[in-house]
Amino acid sequence: MAASLRLRGAASGLRYWSRRQRPAVASLAVVCSRSMASKTPVGFIGLGNMGNPMAKNLMKHGYPLIIYDVFPDACKEFQDAGEQVVSCPADVAEKADRIITMLPTSINAIEAYSGANGILKKVKKGSLLIDSSTIDPAVSKELAKEVEKMGAVFMDAPVSGGVGAARSGNLTFMVGGVEDEFSAAQELLGCMGSNVLYCGAVGTGQAAKICNNMLLAISMIGTAEAMNLGIRLGLDPKLLAKILNMSSGRCWSSDTYNPVPGVMDGVPSSNNYQGGFGTTLMAKDLGLAQDSATSTKTPILLGSQAHQIYRMMCAKGYSKKDFSSIFQFLREEETF
Amino acid sequence: MAASLRLRGAASGLRYWSRRQRPAVASLAVVCSRSMASKTPVGFIGLGNMGNPMAKNLMKHGYPLIIYDVFPDACKEFQDAGEQVVSCPADVAEKADRIITMLPTSINAIEAYSGANGILKKVKKGSLLIDSSTIDPAVSKELAKEVEKMGAVFMDAPVSGGVGAARSGNLTFMVGGVEDEFSAAQELLGCMGSNVLYCGAVGTGQAAKICNNMLLAISMIGTAEAMNLGIRLGLDPKLLAKILNMSSGRCWSSDTYNPVPGVMDGVPSSNNYQGGFGTTLMAKDLGLAQDSATSTKTPILLGSQAHQIYRMMCAKGYSKKDFSSIFQFLREEETF
Amino acid sequence: MAASLRLRGAASGLRYWSRRQRPAVASLAVVCSRSMASKTPVGFIGLGNMGNPMAKNLMKHGYPLIIYDVFPDACKEFQDAGEQVVSCPADVAEKADRIITMLPTSINAIEAYSGANGILKKVKKGSLLIDSSTIDPAVSKELAKEVEKMGAVFMDAPVSGGVGAARSGNLTFMVGGVEDEFSAAQELLGCMGSNVLYCGAVGTGQAAKICNNMLLAISMIGTAEAMNLGIRLGLDPKLLAKILNMSSGRCWSSDTYNPVPGVMDGVPSSNNYQGGFGTTLMAKDLGLAQDSATSTKTPILLGSQAHQIYRMMCAKGYSKKDFSSIFQFLREEETF
Amino acid sequence: MAASLRLRGAASGLRYWSRRQRPAVASLAVVCSRSMASKTPVGFIGLGNMGNPMAKNLMKHGYPLIIYDVFPDACKEFQDAGEQVVSCPADVAEKADRIITMLPTSINAIEAYSGANGILKKVKKGSLLIDSSTIDPAVSKELAKEVEKMGAVFMDAPVSGGVGAARSGNLTFMVGGVEDEFSAAQELLGCMGSNVLYCGAVGTGQAAKICNNMLLAISMIGTAEAMNLGIRLGLDPKLLAKILNMSSGRCWSSDTYNPVPGVMDGVPSSNNYQGGFGTTLMAKDLGLAQDSATSTKTPILLGSQAHQIYRMMCAKGYSKKDFSSIFQFLREEETF
């Protein structure tokens, strides 16, 4: 397997470079046209809100794409741009030996890989399959086993950062898989993200993302509770935030993404909780953390509670607001 | 009242300076002897683990002390050093117009101020009474009202930082009270701490401390849960900590005081959870947060849960360990 | 004290009888007129939603009343009926040696007993003071101490059952205080309730009520969660209720007061959650449970959470609905 | 399919009778020998702590058995008694058209049905497959679909009641599946249990059990918290239990299975929490409830917390104690 893998992407002659070393370019059109001829095509399955801009960043870096999405409309834009659209994941696997999948749930990922017309039906030996979906790490491990049986390589590489980061190519990728294949993954992921972190064996990319987001949810709710309590006890919100940020309560949610309107500029709390990372998505990630904790018998007392809180918020009209709207949710006043 | 207050501390001729401006001195002995003659005495009530080193720092800065503690043994050291020991808080108030109280609970503070031989029995008009105990902000407000009736000034100034910071004079004080009196408080508190923060009206010092510690408890438990889950899912603890610290899960508990043994040096988790901030003390502060939240009808979903978790830990043998031992508590393995 | 107490109520010649032994009477008017002349007056302080019907039941049993309420309008109805209205709690104590207080909060109770014109200003030796307010048991104990110093007797006797039970004289009283005085208390309480339970020393009446209501809140939320989950998993609500009620999940909330509309008749859930026991009141009782648990360092993991849930419901428009509306609160559907 | 199913069990000539209608019999031996000849064999897969006594009850009612367990030792006893032991689930399906499975986890059930040598490899059309394992209802539905494709019938029938009830034939079965087949299932299940409840479509048996046990866990913890708080507030445990049981806090955990030692006889709490329903098993069922709630996006605030509490207890040495030992867990005293 190693032998065949070594050939992958060789035509491009590129090595991975970090964002900082990347040279300023005269025009994207030039870059794209110049390299178009020399790169082997990359498969991309799942052209949703995140997949769409991610795929476009691969195009900008000169990779011809083999495209598939269950919704044909999602492919039209790419077809118009000259990329090749096929009719099932298996056909993607037939035409490309590097494939990126970006799908909403574990079930969609299983279907794309192991379904009747899934990747595994026609995957070539030595192919590199990178799943950027956020799914249960146990599912990632299962998929990896099946992929390995076919002589190919699977890596999980979920992303952190929303649609904005996807557009600007500033996503963070947390990558799990065989370490030897990491640089091959970096070549592609580096076109879409500014941080590509190696986390360990298959599934650890998902694990890292899930753990980070669980801690994020907990500290965001904690920040909202502490700010709300302080305000009710007579503290000025800006002053309280300043005190927390120079003390042991400091966290990303308090110093970079404060949930209280008016405390910071340029964050969702100061824009009526528009944009950012939706409550629905946080609830989904906490569901994955819960599943992983249940199956590994790991106690997550606050993580469970955070899951339930975001679940309730979804049912109370907050599903599309940024997850920092927990402050608004707690803030609603009693009227008696 | 303002008039009489303006005189306070005038004999010393000192203005408050920040730590950074403070000149290097040849020897503390010289400083102490030089200023000893010129400063008016300061009362100090409560010479426990924290009060003892705090009072000593006042001595080092040349303040003669009027001392009282319910346990006579606690005063002996100061008597031997030539400070004046009296037999009740009222007698302290008779001999000093600036008094610092450092007591373990609301009940002790009420007794020291309003008890049969309390400060209020003999307090002089214009006196400055600074309570550094960590107590219910509602109690601070009550005490302030009673003190004000006597023509004196009350400020709440709870501290952050443990016995070590008390010894080295590096405590943080969070001060609530009339803003005009803040500089007078700073003069004394600056001898014992490196940060003296003005938080607003009486009670807001307590409020700021309580809110910070509640958020600290929540993010510490969250960090322990996330680290534990990640480890069980196969992540290396140091790598996971690094990923969290460059991501949105970052918090003081993850980047400065990581609860997982071996991840950081010089923190309690790498010293069998010795030293630091005891679980019992955290449980006490969370009880105050709970009381404040209940009386103001403020929802604190995770704060309540954190309170219960630290309460349980106290009952399971963790009361004297540092509060980061929540990781060890969660970590205990099932044996089936 | 015992001597003077022995005289109390002797004029009435009545002994306490249980409801079951009580003879059917020809007409209440007859009973009232017959005994009116021979009974000593009873003081009643607090004529709110609960106090009003309770006081009327005492009238029906022939007790002349000495009435006080902070809102004069609340007394008018009684004045019109010929009862004596006075202008402060102290005046009640001057004219009656048995007094019942029924007040909304600890603060109101403290004011009524220890305030500037409180009961204690004029209470007679040997008086029996029964507080039916639901308040912190620690406050009950404090009041009892002060009352005892005056040579009188204090009992806490909070009620279970709402306005309906107050009207029909079917309240349950949970009584704490000296056992020797219990039968004297029973004489009055038996006019207003069908169950008068002796719980132990002063404060245990409150403790029993708080513990019951905490367990009630927990099992109500649990029932709502279990019914909601079952329904989403495809079970018929009536069938599920039947299965739970013949199994180990059975509880008062599932078999007597089921929170799911349509499962039972004659309960608030089948009347749009009108009537019954309001969410606000449950939140108040859970606050008392929380306070007691905090001060006794007792872990109440689910009790704390139940408190927070009812607190949140109050802020989300459920404050006046019956507390079984937790089902509706959980039921609100996500819309994505 | 209906046609072939109609024939099933016809040889026995028996209809289902309820326990109450069952005639007293002279001797079990007589019953067994009489019917032995006329009954068609029943397959039984999974002869563990529960499966063993369940299978024996089928034997007592005259059913010849076809036996399989992954541990050959578990089958020996049945082989010695003359029952037929085979080497895989497929072979059971070849020899019996009614099969009962009793397995510890979802994974075991999937293996027994869909594995390489699973039931589905040789299942006959019209067979009745009853799974009494407690597993994820989503898995039950999946298995049912696969079974249906083979022209056979699947029912989920998890049990309530422990090893004692299994021995005495007093289990409760909660049955999900096509209603027309319920009487056929009753014929067999009635030999092993005294209550056979029809719950609805496939999966609802599991759903009913999961919901009941979640509510049970919540009310047990609630009872333990309320009893513990009451005791610390000075109430006598027996008196408190009596008060709760005549009030709205009443539940199965308070009136039938009280967790406080000494309050009731004949329950695990009065036998050092030996016997009963182990904490590990409760934690497993709560994990299933959590999984079902997560996948259906159902908020279970207290259910989640109960899950975490039992998970922690498992890690603190309570895994084999009865689940009412939560009282002991909460009771452990702080020592400062």
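Letters are used for the chains, namely A, B, C and D, taken in the order the chains are written, and counting of residues starts over at 1 for each.
Criterion: a contact is a pair of C-beta atoms (placed from the backbone, for glycine too) under 8 Å apart; a residue touches a chain by one contact, two chains touch by 3 or more.
Heads up on the chains, UniProt names are A, B, C, D = 3-hydroxyisobutyrate dehydrogenase.
If you're wondering where the values come from, they're calculated on a predicted model, not measured in any experiment.
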{"item": "Selected pair, greater C-beta contact count between A-C and A-B", "value": "A-B"}
{"item": "Mean-CA-position distance for chain B and chain A (Å)", "value": "43"}
{"item": "Centre-of-Cα separation between chain C and chain B, whole angstrom", "value": "41"}
{"item": "Chain centre separation in whole Å, for chain C relative to chain A (CA means)", "value": "55"}
{"item": "Multi-partner residues of chain C (each touching 2 or more other chains)", "value": "297-301, 305, 312, 314-315, 330, 334"}
{"item": "Overall pattern in which the protein chains touch one another (line/ring/star/complete/other)", "value": "complete"}
{"item": "Residues of chain D defined as touching chain A within the complex", "value": "283, 287, 290-291, 294-295, 297-301, 304-305, 307-308, 311-312, 314-315"}
{"item": "Chain A-touching residues of chain B, taken from the complex the two chains share", "value": "137, 160, 172, 174, 195, 197, 199-201, 203-204, 207-208, 210-216, 218-219, 221-223, 225-230, 232-236, 239-240, 243-244, 246-254, 256-257, 289, 292-293, 296-303, 305-306, 309, 330, 334"}
{"item": "Residues on chain C engaged by chain A in the complex (per definition of touch)", "value": "280, 305, 312, 314-317, 319-320, 330, 332-336"}
